[in-house]
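All remarks here apply to the structure that follows.
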Amino acid sequence: MDLLEYQGKQLFTRHGVPVPDGVPAKTVEEAVAAADEIGYPCVIKAQVQIGGRGKAGGIKVAKDRSQAEEQARAILGMDIRGLTVHELWVEGASEIASEYYASVIFDRSAKAPLVMLSTKGGMDIEEVAASDPDAIARLHVDPLVGFQDFHGRRLAFEAGVDSDVVGPVGAMLAALYDAFIGEEATLVEVNPMIVTPDREVRALDAKVTLDDNALFRHSENADLRDISAEDPQERMAKERGLTYVKLDGDIGILGNGAGLVMSTLDVVAQAGGSPANFLDAGGGAKADAITSAVEVILSNEKVKAVLFNIFGGITRGDEVAKGLIEAFDQIKPTVPFVVRLDGTNDEEGRRLLAEANLPNVHTEPTMDGAAQKVVELAGVAAGDGQGRPDEAQSPQDAGLEAPRR
Amino acid sequence: MDLLEYQGKQLFTRHGVPVPDGVPAKTVEEAVAAADEIGYPCVIKAQVQIGGRGKAGGIKVAKDRSQAEEQARAILGMDIRGLTVHELWVEGASEIASEYYASVIFDRSAKAPLVMLSTKGGMDIEEVAASDPDAIARLHVDPLVGFQDFHGRRLAFEAGVDSDVVGPVGAMLAALYDAFIGEEATLVEVNPMIVTPDREVRALDAKVTLDDNALFRHSENADLRDISAEDPQERMAKERGLTYVKLDGDIGILGNGAGLVMSTLDVVAQAGGSPANFLDAGGGAKADAITSAVEVILSNEKVKAVLFNIFGGITRGDEVAKGLIEAFDQIKPTVPFVVRLDGTNDEEGRRLLAEANLPNVHTEPTMDGAAQKVVELAGVAAGDGQGRPDEAQSPQDAGLEAPRR
Amino acid sequence: MSILVDSYTKLCVSGITGREGTFHSLRNRDYGTNVVAGVTPGKGGQDVDGIPVFNTFHQAVEETDANTGMIFVPPRFAADSILEAEDAGIELIVVITEGIPAHDELRVYNAIRKNGRSRLVGPNCPGILSPGKANVGIIPAAFFKEGNVGVVSRSGTLTYQIGNVIAQQGFGNSTIVGIGGDPVPGSDFIDVIGLFEDDPQTELIVMCGEIGGDAEERAAEFVAENVSKPVVAYIAGFTAPPGKTMGHAGAIVSGSRGTAAAKAEALEARGVRVGRTPTEVAELAVSLLGAAA
Amino acid sequence: MSILVDSYTKLCVSGITGREGTFHSLRNRDYGTNVVAGVTPGKGGQDVDGIPVFNTFHQAVEETDANTGMIFVPPRFAADSILEAEDAGIELIVVITEGIPAHDELRVYNAIRKNGRSRLVGPNCPGILSPGKANVGIIPAAFFKEGNVGVVSRSGTLTYQIGNVIAQQGFGNSTIVGIGGDPVPGSDFIDVIGLFEDDPQTELIVMCGEIGGDAEERAAEFVAENVSKPVVAYIAGFTAPPGKTMGHAGAIVSGSRGTAAAKAEALEARGVRVGRTPTEVAELAVSLLGAAA
């Protein structure tokens, strides 16, 4: 779960990470009241879970009340890279002598938290990483022993921070690490971390990603989930225990197990099709979960055909068949379905489907054959030439993973 | 540093260890007010840093206000095994279904915290350990990984607590471990840990020993030191950076390094003498520390002769000599001194002493010779036959150490 | 031979009295696995269809000499159960539980690695199957038969998919190891491939990876330096959707690693044949085995 | 030979710019120890009488190949400095600092033991002297000469006392190791006696213990099983005052162990000669050496 800047800063405060004073606001009136409370000059900041707010005009300085009102009005409701601004954070303007970059990340490869520090803060740090990798000091921390003062000193000296702030920067990193561990974050990032002319070190921004699996231990964080910012189909899927990611294509996909679903996307793409979604029904999905999954898939209007690719381990073929039959009963889909059913109770499942004699449902014995078939059907449904599949999508961003079962 | 019961319970509360409600009191009036606040029946408990309070009459139940006043009056000022009661703890009376024993101790031998649990609580646990050692379940905890739920369960099952309180007992042990680590204690002991008829688990007593060396990190604990309970000479020594323990004999001892001082006590005892104190001037003691040490030693009126046993490493012989000369100048001692000075700058030190020509100061070249000499001089000072040394003291209690330099 | 689980396995199941725990424990026993004990705190003294249940792993080990543990408890109790199994002297701990908090996995992984007493497989994995010998976990054993192909995979269903195609071609498996796809797997490709390399029964190794992390890239290096047996790989996720992210630290750390293309390239650069579909992988494996035969 | 410190020692001193740190670093160098670096955060680039000072241990190791560390910082900074030295790859870390919090010692001890990369001696110890080769710490080297007696001691001044008597009888020392008397010593009697057993220069071992803990009792068992060389022991504290205590857990744990009498008995029961005074120990050692010569 990604936090908004102000949520991240409130979380920081619990762990002794110094941040500027600020007040959240959801309306222009609240924003003006907040600005009056904070004092001028202050900064009005759009709260959206995405980078590049500044460039998009989502961060403005207000020197007085009329400017505060003007800026708040301009930013609220603004669209920033596809996200609408519903909330603002009004904070005191900070004087900046230096801008640094700091982060703590869950490094899967090293199986340890990784702490990074750079004096090249306030700019695109990925660019710094590419053009001048030595400008980012990096240290892994033994999670059983924890962050030591020497880690902070070493990072500060190696990054080359001003010598008079080696201590405060180290203390800031220790506090960020404490927040990372204490809140079970997978990412804590501050860019810029500033040094004021008074030589105080402060987090001027906050990007925090929390581990959803650990939220049961952090009820105050669980409450921060911004349901309104989530895709409605993805939310529906989540509520039903399914992992769903919407894509741009027209072939609905359902499988069991993240690996098999990813593989199914690949095989469909290789057959010239374009998947409309990633949907992992998970291990041991029962009939009602399958019914829900069909509902979620078909709620995307672009879908022209649906592929079921099931290789049952704990998932049982008969349950999948029952779920699909129930879905046809309830939803009465008009698009064609291709079903490939293997594994536990597969014969029983195929028998049930055959008996139900559902309209426009095709069973295929192999994954590759099923992919060919669904691509063909989607093309037909789209009308010739029209529904030709898009190019296979480009490989995904580095460092990210598709959702898992 | 040992805490009083109520200090320990207040510390417990910070770590989620359930304790009965209570209020401290220093006067009869405060105690009665406290009892009124707590409600009746309540328990009036003497607060002294020693076991066996109950047997000595230091714990009484009060059923009403007049009993509370009576009991408080009786207990305040009472002498319990040599300690005067200055404070009371008034707490609500607990109904007791079962009495257990629980502790966490810093196990030097295993280099790990040791957690112990027994269902034979409320009695002398050392006796249980001797007569029925299997009645005490014991587990070491890996300090880098910490106390896990399974530790609590395993102890509870092995000790054989009532099956319906396995969970709460485990949670209590986890909270005690948390207190042990969080407060940097060397001992946390609860006897009895009770189960109420409502099946709640509570700490009815609290024995907590904190690590003095860590108090700089725990200012709220450092404030708990009960200076009035300390021996005035030991306090004087501590304020001057010396480690001093008063003994029953008549030969004052000063050395540098805990091992050498302990060895000096042994050698004096073997020569038939009886040491009046343990005093470690520490490494690198300067002249003024030596002067202070002489003052501390002579503040014990039983001292009939003093032995200096110095083997200088960082401690310099000339500084020791200067300190002794200054002490003679300031205090003008009347008892004989035997000085054995070896190691760094020993010749310079002996030269200074020779030049100063202090009255009744004898230098000896060896430790054994010096011990013989001081025993002889103490005997003379005491008058023939009178000052004959006592038997060498019995070997010290198990598990305890003399203070270290 | 085979690796990790076989006729010497004495299995103790944590969470045996739960619905899934009971179902799979009995299924594993039906397959021939020696299921000697279960652990459920507070249910010590009971039994599950004749399998004795204990309050603690320590009691279970003491009474039954269990050497392998299977963890089937809900995610919030899993870290504790794994550490208990290790503390009790269990040598191999297979964690089926999915959804364990990442920081719990981090702590448990590092604790167990430093102690060096136990091997962890999983979490969030389907378990380990040595066809004809023992099945520990939820792999549907009926689709596999004994043979000379070792399979190690981050994905459960994908493993079944590939193993099934191989079986249909008449070949079988020495052992199938699901290492799971969680952030901190207890055993990595490298660990398992090293075991296959030393296993006489295994003549070919299939590894089945996914996008994310750099486990496949590291495995490629390991194979080039340490493995004499042929290795065939599949990577899922060429078409996976780009994730959404706010922070940049992840990208700094992983650089260009982590994509399916980068992984496939790294593997092929070190002589590992990479199939583009599960079927192609199975066909590659079969052709190599046929050539060797 | 000798153990732990010698002409291969390249010493880096943490806290070299403090008064005591400077004094003893230079004294160690005067003795012939190869003092290559110091560490004081914020003073990197300076030097102490020609010894370069670095901001971090890592820089010091990189620039000077230091392999031994001496910790001379105040107690509240000591744990951090020790862990830094270990992280930087220092093989032997000698901790002079006294008054380190017990829980810091526990944490540091367990971390370093589990990693298995570095050896810790101390805290609260006088250091290690290999006469004629190197002196790391505050042992007054002038009282000792090179020879064949290995000394390991929990007490600094007591070590000087015993070593001095031995020297006066014309014998010398291979190495003198102060292990310190703190609750959690990084190295124990057993660790050091094992090294002496393997050291060709050492022909007799003197161990010098104290009341408290069970290090001497465990050493007695170790000597009986693993040591061929003669061992002579001294235990201080027969007359030590009983401590005051409120709790009983300590007595439960230690039982009758920990007293000087129990320690002496344990040692003698396993063939270790125990002297009743420092002088007697020295005489015992000398007579055994004389008999051997």
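List of remarks:
Should a chain be cited, it is by its letter among A, B, C and D, assigned in written order, with residues numbered from 1 in that chain.
In this text, contacts are C-beta pairs under 8 Å (C-beta built on N, C-alpha and C of every residue); 3 or more make two chains touch, one makes a residue touch a chain.
Because the structure is predicted, anything quoted here is derived from the model rather than measured.
Chain centres here are C-alpha means, and the one lying farthest from chain C is B. Interface comparison, B-D versus A-D: the higher number of contacting C-beta pairs is recorded for B-D.
Chain centres here are Cα averages; for chain B and chain D they lie 27 Å apart. For the pair chain B and chain C, the distance between C-alpha centroids works out to 54 Å.
Centre-to-centre separation between chain C and chain D, using Cα means, comes to 47 Å.
In chain A, 142, 144-145 are the positions where the chain touches two or more neighbouring chains simultaneously. Residues of chain C found to touch two or more other chains are 107, 111, 114. Interchain contacts join each chain to each other chain, per the touch definition above. Those residues of chain D that touch chain A in the shared complex are 41-42, 44, 55-59, 77, 79-81, 83-84, 87, 107, 111, 114.
If you check the complex, the residues on chain C that touch chain D are 114-115. For chain A in complex with chain C, the residues that touch the partner chain are 2, 49-51, 103-109, 111-114, 116, 124-126, 129, 136, 142-144, 181, 184, 186-187, 189, 191, 207, 209, 211, 213-214, 216-217, 245, 247, 255-260, 262-263, 265-270, 275, 278, 283-284, 311-315, 342-344, 366-368, 392-402, 404-405.
On the side of chain C, the complex with chain A involves touching residues 20, 24, 75-76, 98-104, 106-107, 109-111, 114, 124, 126, 138-140, 143, 153-161, 164, 181-184, 208, 210-215, 218, 234, 236-243, 245-262, 276-279. Taken in their complex, chain B has these residues touching chain C: 142, 144-145, 148-150, 153-154, 157, 163, 166.
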